[in-house]
Amino acid sequence: MLTMTSLTLYPLQYEPLVRHALEEDLGRAGDLTTNAIVPAGVQASGRLVARRQGCIAGLEVAVSAFRLLDPHLTVVFHCHDGDVVDAAETLAELRGAAHALLVAERTALNFLGHLSGIATATRRMVDAVQGFPARVTCTRKTLPGLRALEKYAIRAGGGANHRFGLDDAVLIKDNHIILAGSIKEAVRRVRDGVGHLVKIEVEVDTLEQLKEALLCPIDAVLLDNMNAAQLKEAVRMVDGRVITEASGGITLETARDIAAAGVDLLSAGWLTHSAPALDVALDLEDLAALQD
Amino acid sequence: MLTMTSLTLYPLQYEPLVRHALEEDLGRAGDLTTNAIVPAGVQASGRLVARRQGCIAGLEVAVSAFRLLDPHLTVVFHCHDGDVVDAAETLAELRGAAHALLVAERTALNFLGHLSGIATATRRMVDAVQGFPARVTCTRKTLPGLRALEKYAIRAGGGANHRFGLDDAVLIKDNHIILAGSIKEAVRRVRDGVGHLVKIEVEVDTLEQLKEALLCPIDAVLLDNMNAAQLKEAVRMVDGRVITEASGGITLETARDIAAAGVDLLSAGWLTHSAPALDVALDLEDLAALQD
Amino acid sequence: MLTMTSLTLYPLQYEPLVRHALEEDLGRAGDLTTNAIVPAGVQASGRLVARRQGCIAGLEVAVSAFRLLDPHLTVVFHCHDGDVVDAAETLAELRGAAHALLVAERTALNFLGHLSGIATATRRMVDAVQGFPARVTCTRKTLPGLRALEKYAIRAGGGANHRFGLDDAVLIKDNHIILAGSIKEAVRRVRDGVGHLVKIEVEVDTLEQLKEALLCPIDAVLLDNMNAAQLKEAVRMVDGRVITEASGGITLETARDIAAAGVDLLSAGWLTHSAPALDVALDLEDLAALQD
Amino acid sequence: MLTMTSLTLYPLQYEPLVRHALEEDLGRAGDLTTNAIVPAGVQASGRLVARRQGCIAGLEVAVSAFRLLDPHLTVVFHCHDGDVVDAAETLAELRGAAHALLVAERTALNFLGHLSGIATATRRMVDAVQGFPARVTCTRKTLPGLRALEKYAIRAGGGANHRFGLDDAVLIKDNHIILAGSIKEAVRRVRDGVGHLVKIEVEVDTLEQLKEALLCPIDAVLLDNMNAAQLKEAVRMVDGRVITEASGGITLETARDIAAAGVDLLSAGWLTHSAPALDVALDLEDLAALQD
Amino acid sequence: MLTMTSLTLYPLQYEPLVRHALEEDLGRAGDLTTNAIVPAGVQASGRLVARRQGCIAGLEVAVSAFRLLDPHLTVVFHCHDGDVVDAAETLAELRGAAHALLVAERTALNFLGHLSGIATATRRMVDAVQGFPARVTCTRKTLPGLRALEKYAIRAGGGANHRFGLDDAVLIKDNHIILAGSIKEAVRRVRDGVGHLVKIEVEVDTLEQLKEALLCPIDAVLLDNMNAAQLKEAVRMVDGRVITEASGGITLETARDIAAAGVDLLSAGWLTHSAPALDVALDLEDLAALQD
Amino acid sequence: MLTMTSLTLYPLQYEPLVRHALEEDLGRAGDLTTNAIVPAGVQASGRLVARRQGCIAGLEVAVSAFRLLDPHLTVVFHCHDGDVVDAAETLAELRGAAHALLVAERTALNFLGHLSGIATATRRMVDAVQGFPARVTCTRKTLPGLRALEKYAIRAGGGANHRFGLDDAVLIKDNHIILAGSIKEAVRRVRDGVGHLVKIEVEVDTLEQLKEALLCPIDAVLLDNMNAAQLKEAVRMVDGRVITEASGGITLETARDIAAAGVDLLSAGWLTHSAPALDVALDLEDLAALQD
């Protein structure tokens, strides 16, 4: 059976970031400790492991950090991005220059832990709404410079991506509505200005506003900070004409009730800005043996 | 009274990051929504506010995002980095082009929320150990590309900085010790290789190892994953000869007990990699009034 | 009356390109001729003029080249991007350091001529289809590094933007269909993978394919290389259910007939990759007078 | 027989541009369509073909776009830069990851079409002046960021390069002359200021000015906007003492007459700023076969 | 009287280098010492002074380092690039934030000392050959990344610039001659390949080779490692037909004899790669007074 | 026996600099001479040689310049960084594309000559103080952009590194002391502000100041511009409690006397800012033979 590749990432897309992160850690003088202690030419092998159960994202990104220091590194992958692993499970085995393993360790783990943390949180929310058609999605509340990778981690966790920026879809918010005078006028202005492949979503705070929005040619509504009952009524009003997105303070605890209201999407900013890192580590092996 | 300036940051140090974050959000086409809806020349004013109590970090960084789009922006600061603010408190008042306020909002908040989240977590741990001499410090478990700002947020929260990278101090870990054969040999190799302004810290897992480390000319010991009792004994053994740092799984709950053991420093990776963002927002004002 | 701002561009978005173009022209040694001949401190004034009738785009971009060399430059704009000007018409008056005017002249004109050339071609095609609802749009056949500005010039000329890249909408082409096995399967795979704000367009070569496409949940069809009669039939078949885009070899001569077929959009790659530059110049004034 | 290598380009010189162009097209989210539809690991083969007769430039540049996504790509070149090919002729055969071929296609073609368009225009003008000693040359009217490649395309088309920037030769224009007071004074100032390997050209509008210029120690004259008769007289006056360059509105139609006047060089800005792209394409093969 | 501006440098040309040098010195944590000790808001004034007699180059470059940290810095220049100053002479007075003066001091002085060192060495060699027509020139033996500024310093010292790179003139060396088979063939190949504004220089080791070179259409000869007598004979043979450049081990001691041989140019690599820095300093004033 | 690796440098750390230096030399048009004369495909071999006795640094950095143009280059190293070689000694043999060898030659030699010049000067000073415990160290008086490599060259020459920037240690100078009011207050402010792995050095001009400094919790003293007798007294006063560094005008001639005073370190700025380049060259071989 064919595996679709919505988790495709080219090294071109992440290597500059990894390179920059390595430079950030090496500074001007390099790894003082390893350079002074570890003889050149020593080989080592190690395993990237998860210390806790979680959903993996960024494994190839992490491995690229080692490879940028040792192009001859060999890797055996035990899992792939999107897989859920148990605590203590091996993610990948690495063999290469001891220097590369020691020097790139922290950089690799910083990527892997952060991205897997996001994937794990997403996975949990996806699981929480299982049985309902609702999909879990993200926001633009991402960490500066890391948006593309964080959105990738959302996909790895089984979520769907929202806008990647201000330029790939229209989201009309309260301030836009105030400045335009009405939802209708805001939508009209946008319709005139954007291309035919741009979708339009309108954020509404009340069912009153929703009613107004539904009179306009739009693709989706963001139902902001509504409770399950309000959402249920909103979904009824929309009746499948546009996509419905629930947003605002949704947690793992509240997700299921909100999904039960029948919305198409649940979005949560905390998935990217506040998901705790997954605890991952590099366990080096055979160092003593190598010393003989 | 004079205010010392350990929170000094020059725009030179953060503007490239902010500029990059704006580019990340603007993409190739810019803000489709605002460009289509908001007439050129409209002015607006708004307030950066905290939605929850917390310690602020990154306020000038955040404001620079608006200023990069509107150089004539005026700002009145109500607080400064390092201040603890209450929920609903105004951090700064901004007045400038409506476009700049709407377009840079998310970028500014992403910086401010993340950095204030770190400062807030740090502040809480600092408060938790109050009364003891122990200082709170960070690790190299930072998010790629953001290390300098995250370390700055640690200082804003009242913490102290650990190494900024592999190159500004020596930290001898278990793998280094294995590869050198002994702590003594590892320290000897390092002493020969590094400059006179570089300090040396050794990570030890047991009191046995600590004893060996204390025979070497070192500046600090990292006491890894020890409980309060072990730490107390370690501090007794060290007897002020070197700096003592407790590390490994320290939380807001366990911090006080660990500080009570008498160590000089508590370090915690989660302050930078897993502290939840502080909820901050931009409240625009007078938009309706401006429409008249 | 309010002017909408779909032509908004921030200096942040174009200054790096202008800076790079100046560096490309200055090389390592700077302007050998001007440096040797023109005394420091000489002021000059000049007018950016169009040598031929055309639609202007990139005027502020061009002016920024002068300003990067003389921050005290004063400018009086006689027109704005999107305006159609006559031959010999003045676009802007500049006054500043003679060095800045002479050194940045070519860089400024290279931007202005290229972008106005695109806007002019677009404007002509928009005029050609006047009276029909069809809008003129562009493609991804742009010059490397200049896409955002070229797409901006399309808007200045009265056109609408198509995709800015591979990532802001889905366009299923023949090869995708072959690899998926059918249009239906291709659309299914995409629907599963992309976010709710991403639109889907399918390229079809025949009415047969169009029929298949219309059975799928898509937003637009690209009718490739069809003649006016085929397009008319296609529009009839679509019957307003999805957006229709005619593409393939459309010229100023054929545009009107194609628009008459009733399609929503005409797209043409040559607008960006082959539109001749508009002839623009910088006429310096008063140089002799300044010498007295 | 030896082939000289004035068409030498190192990947170092163009890869950053190609990388940037790929990033421009991939955006933050990558190729939504291909990622969703094409399974990982599918191989494909294709041919870069010319849809019209023309002179090729940028073939290796174009191929590098595919290689940056698939380092294992194999290529068989059927021609090289500078070759004139017929419509439908294959330029190169590629075999590699289907993803790489689909994703890099547009970027590769944008380079190849633009550069081959310039080479083709140049080649036509070179052919137009065949039999006369005049060489065809370019100007600084290039597209921002692409100057080195466009000048390369001029060479591929059989043309010669003019200045690459303001810093590699002196070109004294009307404004310089006005500011210096006379051609003589302008040349004197330059002679004093520039190195011994810098040549000096003076732009003259009239035969009167030419007379004045010929009294000065210069290397070349640019005869601006003169007709064939004036050029003939100018060439007679110069009598081989300096290089003569005709410039100003030279087209494929007028080139031969101008060359017949005996000038050494014809320069034309439109070769770089307005030459239409050559129609090139990537024809994928065997996709259906590969599906079995 | 008018001052020509061959020493023109735009901030655009050097600010990125100065910015990078500041970043190199600030590292990730900034100026630990100044940040901890100097209160925010303290103003200071200081003088850039020369500790030894020398020729100044890079004064505005140096000042820009301070200005990048304090845009409100005020500066009074006491001299300009190209001036020869005495020991203890003040170059410029600065007033601004104490932080800016302390933090940028080393960066500013590193530029000023290095460039003034080159200018001073050049000036001395220019003085050494006074009375002879010979000009002093440089080579491509420059420090990586600093070539444009070092060449500028050569001009500030009264010298002339040689090639800025491999691309702005032709210099045929021994290996090129061997690979071409003869000087004649090497020149022929080059003449065919390069533009009309590119000059050609040939390096010769013997008078025999010089004779061969003079039969070719070239612009200059580099007389490599010849003594004064040989050079005299070479100048006689050349008899003004091409420019003559003496090169190879020329020092301040030997320069006059070589100039006396009648060559047009003396080139010396050590001016850029080995000239000792000029001793310059920043003397802060009034600090005690400011404390009151 | 094991070789420690304090001379470890990853290509990641220097390749961007080498790449930039090549671009600086290639300019926009590339190597006009080699491109016109040397046929594609010609192979050549050559030897990097030292023309004078010296200590080598930057050999792999230099070789990377060739490799960036010819990835298939083969290299046999005859020595390594840190080795002292005789005049005429071969450092490495290279075989690869003649183009790569000719084009990258100057870039490679500029790195190798500059860094080996620093290493050689350092080695001489290290030799001069042999028999005394004093180590030789550097300063922040480095050339903009080259600090990390220059500090590396200091290590290659047997020296030790001082601070790499303002951020990896504290150095309290006279102006800091004036602004703080006293050494004691300056140290107090710093102690409060910096992390536990940051060392503190105080610069003193007099023995009086030294006395004051020794009452503070510091790690090192910089004894500025003291003569041998004063240094001897200073060392006596310090009595091993802190590290002692002599600085100010130390030359190869005075170094031994100063070391004899018993200080731990001698620092000299001229090692990085004024050490003359080591004369190194690339001798190509077999070119005539290759022509057959």
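We just call them A, B, C, D, E and F in the order they show up, numbering each chain from 1.
Criterion: a residue touches a chain if its C-beta (ideal position, glycine included) is under 8 Å from a C-beta of that chain, and two chains touch if they have at least 3 such contacts.
None of these values were measured; they are calculated from a predicted model.
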{"item": "Far-end chain from chain D, centres as C-alpha averages", "value": "B"}
{"item": "Selected from A-E, E-F or C-F, interface repeating A-B by over half of its contact pairs", "value": "E-F"}
{"item": "Inter-chain centre distance, chain D versus chain E - centres from mean C-alpha coordinates, in Å", "value": "33"}
{"item": "Whole-Å separation of chain centres (CA-atom averages), chain B against chain E", "value": "43"}
{"item": "Residues of chain A engaged with two or more neighbouring chains", "value": "4, 6, 24, 26-31, 34-39, 103, 147, 161, 164-165, 167-169, 171, 189, 192-194, 198"}
{"item": "Category of the chain touch graph - line, ring, star, complete, other", "value": "complete"}
{"item": "Chain B-facing residues of chain F, complex", "value": "4, 6, 135, 137, 160-164, 167-169, 171, 189, 192-199, 201, 219-220, 243, 245, 264-265"}
{"item": "Complex contacts: residues of chain B adjacent to chain A", "value": "17-18, 20-21, 24-39, 42, 98, 102-103, 106-107, 109-111, 113-114, 117, 140-147, 164-173, 175-176, 178-181, 186, 189-190, 192-194, 198, 270, 273-274, 276-277, 284, 287-288, 291"}
{"item": "Chain D-facing residues of chain B, complex", "value": "24, 27-28"}
{"item": "Residue ranges of chain D touching chain F (in the complex, touch as defined)", "value": "2-10, 12-13, 147-148, 151, 161, 164-165, 168"}
{"item": "Parts of chain F lying in touch with chain D, wherever the complex brings them together", "value": "19, 22-23, 26-31, 34-40, 68-69, 99, 103"}
